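Two complexes come next, and they have one chain in common, chain A, joined by chain B in the first and chain C in the second.
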Partner chain A sequence: MLSYILKRLIQSIFTLIIIITIVFALMRLMPEEGYFGDGYEKLDHFQREAILESMGLRDPLHKQLLDFYKQLLKGDLGKSIIYRPKVDISIILKDKIPYSLQFGLGAMGLSLAVGLPLGILMALNNKGLWDKLGTAYIVIINAVPAAIYYLFLQVYVTGILKIPMLYSEYNPISWILPTVSMSLGGMASYAMWMRRYMVDEMNKDYVKLARAKGLNNNKIMVHHVLRNAFVPMAQYLPSAILFTIAGSIYIESLYSIPGMGGLLVTAIQRQDNTLVQALVLIYSSIGIIGLFLGDIFMAILDPRIKLS
Partner chain B sequence: MNNNKKILSVEDLVIKFRLRGNILTAIRGVNLDIFEGESLAIVGESGSGKSVFTKSFMGLLDKNGWIDSGNIIYKNNNLAKFSTEDQWLKIRGKEIAMVFQDPMTALNPLKTIGKQVKESVELHQGLKGKDAKDQVIRILEDVGISHPEKRYNQYAHEFSGGMRQRVVIAIAIACRPNILICDEPTTALDVTIQAQILKLLKDLKRKYSLTTIYITHDLGVVANVADRIAVMYAGDIIEVGLSEEVFYNPQHPYTWALLSSLPQLGTKGEPLYSIKGTPPNLFNKIKGDAFAPRNPKALEIDFIEKPPYFEITPTHKVKTWLLDPRAPKVEPPKSIKNMGRGKL
Partner chain C sequence: MGNKKIERFSDNINQSLFRFAKYNEKRAMMGGYSNYSYWRSTFNVFCKNRLALFLLLIIILLVSFTIIQPYLPNQKSPTEISIDPKTNIQYVNHPPNKEFLFGTNSIGQDLWARIWSGTRTSLFIGILVGIWEAIIGIVIGALWGYIRRLDRLITEIYNVVNNIPTTIVLVLFTYILRPSIGTMIFAMCATGWLGMARFVRNQIIIIRDREYNLASRTLGTPNRRIISRNLLPYLVSVIMLRLALAIPAAIGSEVFLTYIGLGLPVSIPSLGNLINEGRLVIMNSTLRYQLIFPAIILSIITISFYVIGNVFADAADPRNHI
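On to the complex of A and B.
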């Protein structure tokens, strides 16, 4: 087990280094306007060169890369240039991440709490009424663009329940709708996968053997099927949890929540090179860490993994 | 067969399945008595219904199947009339246990094998905690698994095919059943392992005084273990008798064909016999003798009316019109007559 974790850890670090290098290389290909902010037009060629040189962008590439790594190791993501000029990117993120995290984790908890039991219920009730209702829900959520039911919920439910339409930090009631809206998609997909994996497991031979030895249905479900069905989902949970910090563009703009959602898009549109670089790095690291944790989580649940 | 005490008695059993809107009759009015302490083999081709037949003793038919009519009498209970899961839970494991065909998939991959055997022990022997664990280790030893203490905490993927089948057998034995159904217990195994598993099953049968029912299409297995043989074709038992009777004095043309297709050691140069055609479509109503269309020597009546059982000896019964006094004399194929005694 320990050697497996170590092996995966080394792999992850290696992947991370490759990604950082690729991001670094891509950023050097971006137009250089992004390093000057609004003042670009007013500067002449020599002034621009002087600024770029002071930022270290005229150093040889290998030195730049090395400096970049050193900075990262110190935890310094650089300063924003256009979005909030001369402000440390880590400070910008520190302001925004808590909002996204709060709603993201809330929504995820809610979608797990509703989605998993719904999936289990559907599997147990295979082809019955609950299964059909659940399937209808999943189809609707997947077929209708999220924007439509988000808007619908915001406009009508706030009207009916007489609660504020926009997010307010000091009014917890206004937190409910964004969380619920955000969880609807997750609920559908957790229910769908849980049902699918449960049905898969229920048809396996070992369940027939368990039945033949006289175990009752509840015991078979709890002691055999549930855990085995959960294993394939376990791999994706850590990623899903980590990615909640990225926020939701649509929900956050609908309810004007000052979170991370849309920050990357804004940064790209406004050509804030250092901010784009920092965000891409963060998201890709999260992806890698999430996969790593997912694999470990799965190895804990599934004894077969250590061998392969 | 040492005594004639019936342990399980099947009367006119009919089992049907609903498949894509059509109804299929898998078992067509089977009668069979199973005697205490005997070892019975049910042989037949794939799809003849032998597996379905025994699954119905435990209420393990797939959801689209049901017992349409008939009785399965076991200890004054009519299992054919059972309707609730609770009723079956009193039978499954405790009274009748089953060993499955494919040991590679029959064990839960995420549970230690010790725990899987322990489930049976706790459920049917009422033991708990350390007592249960000790009992599991004794049973693992019984089925020939070495280092049972160490093996207790291992998972199925750490076992070879033969060893997994031993675990599956341990799970069945741990239930302390009266009847053990072995559904193709060696089909998925290596030839060298097959003999070991059969010997193990024979030893366990003696040790735990079990009644065993083997389901197989391998006549080699049958010769090895069975006191009595029931030959199944298209959902009916067409010939049943003591092993010697069925092997040395077979009467039904299907049994002849089945035995002819068994490779014989020592006879070289002759092409191996194979039965022409395919078993009948069970979606259709079968008229007469189900084997008639594949039987080159079928009589006219074979296509019209289903033959009854003709009794040859009190233990040997055959469903074929050939045994009717009015039937013409049809000799069994030569290869059957030449079947060397003592080879089996």
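On to the complex of A and C.
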């Protein structure tokens, strides 16, 4: 187990380095105007070169990359260039992450609390009314782009219930709708996977054996089917929890929540290279760590799975 | 003889007792169902689902209508700004009436013409992305699955690309390459092939060494026939599913890119552009038709493709035949 973890860790770090290097190279392909903010027109060629040089952007590429990694090893994510000039990126993140985390975890809790029972209900009620209604819900949520139902929910629900349209830190009623809308997608996918795994498990031989032994249906479901059906989903839970810090671009901009959602897009559009690098680094690490934790979590839940 | 170590399996075989089987088309068919046809069975199973059939009809009508719409009489150009002949003022935010079936937008363009033109653009993007994803995905997936030496390398590449969030790739590509239809298709394909390639690879690895393939191979079935009769039917259902789901996914990505300001220029109407234009006037309840009409058309298209894709994938799976 320990050697497996070590091997995976080394592999993950290697993958991470490749990803960072690719993004680093991509960022250097962007037009250079972005480094100057609004003052670009006023500067002549030599002034521009001087500024770029002082930022270290005229150094050879490999030196720039090496400097970046050196800084990273010290735990320094660098300073933002344009988004909030000369502010440490870690401070920017510290301001924003709590909002995304609050809504992300709330939405995830809600989608698990509703999605899993819905999936179970659908599996038990195979081809019945609940199954059909649930499937219709899943199809609509998966097929229609999220932006559309988010918009309609915001406009009509706030209108009908007379609740505030935008997020306000001091008014908990304004937190409800963003959380609920954000949970709809997760709800649909948890219900869909739960239903699929339950139906798969219910057709297996050990269920027939349990039934032949005379176990009642509830016991079979709780002790056998549910436990087994949950295992494949366990793999995705750690990633899902970790990724809540990334926030939702749509929800945060629609309800003007000052979270992480739009930060990456803004950083890319405004060519704040250090910020983009830091964010890509964080998101890819989260992805890799999440996958890794998911594997271990799954192995703990299901003793039949051996890591090697 | 008893203790003699057998070096090679063939050492101990009296060759004269065996001869290679010759492939015989007629006899190969004897084991199967007498008059089984893959595509006919697929068609029959698909037709049993009334809802999917109905949605298929709607999609066919809708797609043919978007194609013939510009040639119908009395159609306006999607970019033409209509001007009231009496007052010489543009028809700004004109509510739906006989002349403007879906009303006009905030600069006086006919929403009806814009919606059909936008549907054309979005479907074009979706279908091209779907086809490219299928081609790249199948080729890479097949190489990945068949050629064992490539397995490590492609797995590493997959891990790297798969760990970069799709949003970053989409945004970076559309940003670096400047928004256009081509850029958008390219950016969506850059990540879209992953799922398909992985699935094809897993399927091929699972099916490649199954007993029925081994049996076919020992019976002398040519490779071409193994691929077309034994492997492809398993893959068809997935390929069709991916192709069908790529269209709603591409439309969703386009809406997303437009939303964050990296979409197509306003001069090229697309469903993403229309949704975004509608979003800007949503606070005014009399103008909400500008969001509702494109949203309805978009939802009909995405839901139909989603359902048809799923039902067809089930129908194309040989395990669901007979």
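What we mean here is this: the second predicted complex is superposed on the first by the 303 of 308 C-alpha atoms of A that agree within 3 Å, B and C clash if a C-alpha of one lies under 4 Å from a C-alpha of the other, contacts with A are read in each partner's own complex, and residues count from 1 in each chain.
The rule we apply is simple: a residue touches a chain if its C-beta (ideal position, glycine included) is under 8 Å from a C-beta of that chain, and two chains touch if they have at least 3 such contacts.
The model shown is predicted, which means the values in this text are computed figures rather than measured ones.
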First, second, both or neither for A:249, with chain B first and chain C second: second
Which superposed partner A:19 touches (first chain B, second chain C, both, neither): second
Contacts of A:89 with chain B and chain C, given as first, second, both or neither: neither
Which superposed partner A:264 touches (first chain B, second chain C, both, neither): second
First (chain B), second (chain C), both or neither touched by A:209: first
First (chain B), second (chain C), both or neither touched by A:191: neither
More chain A residues in contact [chain B versus chain C]: C
List of chain C residues in touch with chain A within their complex: 156, 159-160, 163-165, 167-168, 171-172, 175-176, 248, 251-252, 255-256, 259-262, 275, 279, 282, 288, 291, 295, 298-299, 302-303, 305-307
Chain B residues touching chain A - in the complex, by the definition given at the top: 58, 60, 85, 89, 92-94, 97-98, 100, 102, 105-111, 119-120, 123-124, 155, 157, 168, 171-172, 174-175
Chain B partner contacts - residues on chain A that touch it in the complex: 204-206, 208-217, 219, 223-224, 227-228, 231, 301-304, 307
Contacting residues of chain A [partner chain C, same complex]: 15-16, 18-19, 22-23, 26, 29-30, 139-140, 142-148, 151-152, 155, 246, 249-250, 262, 264-265, 268-269, 280, 283-284, 287-288
